Amino acid sequence: MQRKMRMGMVGGGQGAFIGAVHRMAAALDGHIELVCGAFSSDPERSKASGADLFLPADRVYSNYEEMIQKEKELPEGERMDFISIVTPNHVHFGPAKMALENGFAVVCDKPLCFSMEEALELEQLVTKTGLLFALTHNYTGYPMVKQARMMIRNGELGKLRKIVVEYPQGWLSTKAEDTNYKQAEWRTDPARSGIAGAMGDIGTHAENLAEYITGLKIKEMCADLSTFVEGRRLDDDGNVLLRFEQGAKGILHASQISTGEENDLNIRVYGEKAGLAWRQMEPNSLVVTWLDKPKEILRTGFTSNLYPEAIAHTRVPGGHPEGYIEAFANIYRNFAICLRARLAGKTPDLIHQDFPTVQDGVRGMQFVNRVVESSATEQKWLAF
Amino acid sequence: MQRKMRMGMVGGGQGAFIGAVHRMAAALDGHIELVCGAFSSDPERSKASGADLFLPADRVYSNYEEMIQKEKELPEGERMDFISIVTPNHVHFGPAKMALENGFAVVCDKPLCFSMEEALELEQLVTKTGLLFALTHNYTGYPMVKQARMMIRNGELGKLRKIVVEYPQGWLSTKAEDTNYKQAEWRTDPARSGIAGAMGDIGTHAENLAEYITGLKIKEMCADLSTFVEGRRLDDDGNVLLRFEQGAKGILHASQISTGEENDLNIRVYGEKAGLAWRQMEPNSLVVTWLDKPKEILRTGFTSNLYPEAIAHTRVPGGHPEGYIEAFANIYRNFAICLRARLAGKTPDLIHQDFPTVQDGVRGMQFVNRVVESSATEQKWLAF
Amino acid sequence: MQRKMRMGMVGGGQGAFIGAVHRMAAALDGHIELVCGAFSSDPERSKASGADLFLPADRVYSNYEEMIQKEKELPEGERMDFISIVTPNHVHFGPAKMALENGFAVVCDKPLCFSMEEALELEQLVTKTGLLFALTHNYTGYPMVKQARMMIRNGELGKLRKIVVEYPQGWLSTKAEDTNYKQAEWRTDPARSGIAGAMGDIGTHAENLAEYITGLKIKEMCADLSTFVEGRRLDDDGNVLLRFEQGAKGILHASQISTGEENDLNIRVYGEKAGLAWRQMEPNSLVVTWLDKPKEILRTGFTSNLYPEAIAHTRVPGGHPEGYIEAFANIYRNFAICLRARLAGKTPDLIHQDFPTVQDGVRGMQFVNRVVESSATEQKWLAF
Amino acid sequence: MQRKMRMGMVGGGQGAFIGAVHRMAAALDGHIELVCGAFSSDPERSKASGADLFLPADRVYSNYEEMIQKEKELPEGERMDFISIVTPNHVHFGPAKMALENGFAVVCDKPLCFSMEEALELEQLVTKTGLLFALTHNYTGYPMVKQARMMIRNGELGKLRKIVVEYPQGWLSTKAEDTNYKQAEWRTDPARSGIAGAMGDIGTHAENLAEYITGLKIKEMCADLSTFVEGRRLDDDGNVLLRFEQGAKGILHASQISTGEENDLNIRVYGEKAGLAWRQMEPNSLVVTWLDKPKEILRTGFTSNLYPEAIAHTRVPGGHPEGYIEAFANIYRNFAICLRARLAGKTPDLIHQDFPTVQDGVRGMQFVNRVVESSATEQKWLAF
């Protein structure tokens, strides 16, 4: 029987940013309903948050342990199908592990967790349980990212040579973590964020995007991380030289002190036959530059020029801009479609089997580890 | 008691475009749930559409009359609170009227209806019943449109002089209505669309946007409508000179034969002290040009530079693009907040009492009438 | 024998704007040398200006009459070949007439002159003398304007339907003519500028550009001119509906009170098969939008994608921006090439026989007359 | 007495690219006249080139040695004042040295010469002779580059943290040097270009631009150069991590295989208080991003918002684009003004004492050496 997938949320209480994004992304396409949540480690706040979301009081829990236990006891027609983890990094592992061990699928915010050890344990648990696990590297949800990937996969760019991926932000240009700004606080706190700051928070997005689009793995790196804001405890900027498989070279840089920059994730890929450029802040365009033909601007919604993979992840006609939430929702929709298929014992359409997994998460954690290590050593190249 | 507002939909079955947009817009913020629908005049199709949307079969109706009747009979805790009308123009009036007469609030796609007579009757009915009525001139839902409006209202531009509003599209450059393309068919059919083609479909958006942003009413117009595609029965392009209140002059042009254009609604407003420019296709920017200061780009999410009206209609931080669906959702969210307040006997926050109403619809119908009349006469200026 | 063409300048003394532009444009390609001038109606100022330009004192004259007379008496190997007139509108006719009557070719700034009578007399004189006469509608000198024209001429856009040409500036948003600002003074003075302000100064550029690119003549117009700045004596803004030959419709608007706008001349042309857009402020790009293919950005310097007419008017490779002075220089270079050929009794290359002539000037004067007339009448359409 | 400065050119015969640019740049402002040249190592070609340029036959020489000797023998009122060297890299040193030794000032294309030894010898010779020497790192001639520099110098950005300078081109994406393409041939030939390809040709521009704008010297670098096109003998791409004085970090990458890129030199600089971005391909804009204020677009010609240094290097009002040739001409004009002042025993205005010198050239040669060395070693950081 066809029904919406039922989501329980961990984190995302009043005042949180990313929790609300996850809820909008989950709700957008009508495939998922939020049925319960443990929205805060503070039970009162969790309750109030649940009320804001029009949830019945008995499905709002004081902590994730309680949620998982109680939901498990509910009848199948009622209990949640999966949990969505939207807490800071250091509270990913706990709920993810417990959910998997109790038979619940998982959507988890990135980075995967706090340490490499946790990451590997989660990977094993996913393999062992066979449960679905999605990691919200949401930027790969954009249709033009999928178009770029398909163009490369189909050889339209020829052999790849150079990849430049950037992620400049400016919101940590001052010591925002001292101003009662929660988003800044935990992201700059090694106890909650892990060994990296900007590199974990956004560098992993850049790494994931580059590998997703190009289909090439990073083989070696040479990093120079910095902490520019005095007294900050983690990196707030990093520049990395990259070497990919098959001889491609690259640059990755990510920053949270690029004053005045918003959220300018962007990538350029150059092959023997063409180049392409994509910017998250104008996500509905893909610029393609050819050896001899005029520069082209591919646009979402113009179906005659796009791969099915791009078309399937767009909702409205050309010229009606889709953005961050829609891309995020593509992750959720694909996850929900795959989950529903699995519950029905079916195989989902290949085009929807497309969301970041626990393996992407492990790779991201490894990236964080290696980039920090590389920055600290005098050795030029470090294997990924 | 706080709960989601319950929506019943008229139209928007499989294959429709705008119905899906309304559903996403309604779902996005978690204020509304779709509880029932009459999705097609074909009962089988309505059923199948309802199933796709995970609705129980007994809440999927064969037509809007049945829906309104049956829902009315349901207990208050269960029945829909309002209907959303997403049918072609000629099927707006019927369900809107019946809904209002039966105590249901209404959200209606634009233009308001088919003729001026219908429009005035609806306006009277809304006044008489005192029910909420929203018209989805969705482009006024964009935060930067609200920012522009507030800047003008607060005199930042000085006395206004010139307004240029454009709405070029190219999707009807060929005779698409002969190719089994439903969107093209009804929009070019006088029996379903009314006396205007492009001017009704998108010209009204331009008119509404210009008046919303500037706070000035159009007083006179001089129009030149064209039908460029041979055999087409309604205008597919129109150029209009405008005269506004308080001496401002303007130009409005709308087109569906501007080959290769997507959906490039845009407006420029020039006052004595500054000018501003906004483009729907890059909606998160507002360009402000000053007499002596450097050109500024205001951006959604940068709260220190924006009016509360703009901030309240944004969901994510700067650099995370919001688009068409989010702007559309702002109409629905404001409507839902006002509806919930009204049901609770409360007055909603002023900032959320901001969505297009039946009066905007009447004005749009008048615009269509006048622009068609002006184009046909040799008299230069026609009063609005 | 091959030599540089020798130019004498009328106007353009210290503090003038357009005179310096003409000199740079003439000098750029090494085809022309400035040999003499009557730079100001004030003899002292003319002298000082000539010294700044490193001219020998005996070739700096007190007025154009003296210059034409004295130069005529010089031996052929020494005397000027043509004069360049860079004075305000009301001092175009005198030197142009005298030059033609004395056998000198003429380059004249636009608009052609002060009144229709003068214009027609100059046209006759050019015909009668057979001398070369160039009018500096410099914007048609841009290579991408030539590319656009050739694409249309070769049918790449199909039958044309709609033309939108805009020329917004903001530099007269305040009463600059009262602030000792010479450029503003004469342009807003009917005694020096003629019957039109913005329409004569920049509206004629827009008209000329539209007709040059499309190859279509304007047949009818309906204008609404305004004077927004209190106390100003000529129009500072104008909106015009256009009807072209062959059924194309259009809009032209020009403004000098569009606060904060710089010099944003731009044009969009839509045909049955494609559309194109060009902006003077980013002149090295031509945007082409197709029915079914991706949007293309044609760029100067990419010779494999361009017509010879565009290539011949570019100096540097793609990505090395050329601008206003280079476009202006294209007029001068073509004029010089044609003049040298004529002096040598040869026929110049067709590609260089491309500069605006006295006929363009007559048409511009007629445009000014008609647009002023149209604005004053209640008749909707006026024949061009 | 005031007169034009007299230029003799070495190289730049028929078919050459950069020679024509130098001539236009020198001619544009009327400060310089071309009086003689040795345009090619092929005497016939030199003659023909001189004739094209309308030079008298006796001032067209067979080689630079002849030119320098013969010109030296001419009377002071007639002989050239300086030479302009526009040959490939390996023919810079010879004419520069001989010119200096014979009392002529020099303008030389970049990079300075072929090897570090040559560079140091030239530097000594300039010091010894006290003659003027300009190196055409033309991109520093743009007014908005000067604006950026002044903003940083005046502390508007605060302490600098991060610098990203890019120079992507795509014209060597295929083996163009095998297709009879002269520009490609010598640039990829170690015997004519030196030890570096892309890094010498354009990497030095990027290095020079970054140091000019920021006022900071590069202290350390870590480079990864590549040769992507099979059979090519020099690098065609390079990625470099940088460390500047005062703790700023940076990235420099330059490429001639970035398929479809034109000439996209660009730089972003981030300080504690603001960031700025400049792109050569849209050179009249400077984007400034502030901590709390809206993003600003500074534009050439808007004098109330700009430093005198920017204003002095602009020729036309805002919105009239100036480009590559004008920026190049700024180098020549400043050089000519300084040379004239020196000949007259005066001190030129500080604002015009602004062009790249032999010291910039030495630094560029050192950059090339170090970047090649760095790429070849396993040591992470190399001192500049």
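A, B, C and D label the chains in the order they appear, each numbered from 1.
Note that a contact is a pair of C-beta atoms (placed from the backbone, for glycine too) under 8 Å apart; a residue touches a chain by one contact, two chains touch by 3 or more.
The shown structure was predicted, so the numbers you read here are calculated from the model rather than taken from an experiment.
The fewest steps needed to get from chain A to chain C, moving only between touching chains, is 1. By residue number, over half of the touching pairs seen at A-C are also found at B-D, the match among C-D, B-D or B-C. Centres computed as Cα averages put chain A at a distance of 33 Å from chain B. Chain B and chain D, compared by their mean Cα positions, are separated by 55 Å.
Centre-to-centre separation between chain A and chain D, using Cα means, comes to 44 Å.
Within chain C, contacts with two or more other chains are made by residues 261, 288, 295, 299, 302.
Only residues 157, 161-162, 164, 166, 168, 170, 173-174, 222, 224, 226, 228, 237, 239, 241, 243, 249-251, 253, 255, 257-261, 268, 270-275, 288-291, 295, 377-381 of chain A touch chain D when the two sit together in their complex.
Contacts from chain C toward chain D in the complex involve residues 2-4, 17, 20-21, 23-24, 27-30, 34, 51, 53-54, 169, 171, 261-264, 280-283, 299, 301-302, 315-326.
The residues of chain A lying in touch with chain C in their complex are 288, 292-299, 302, 304-305.
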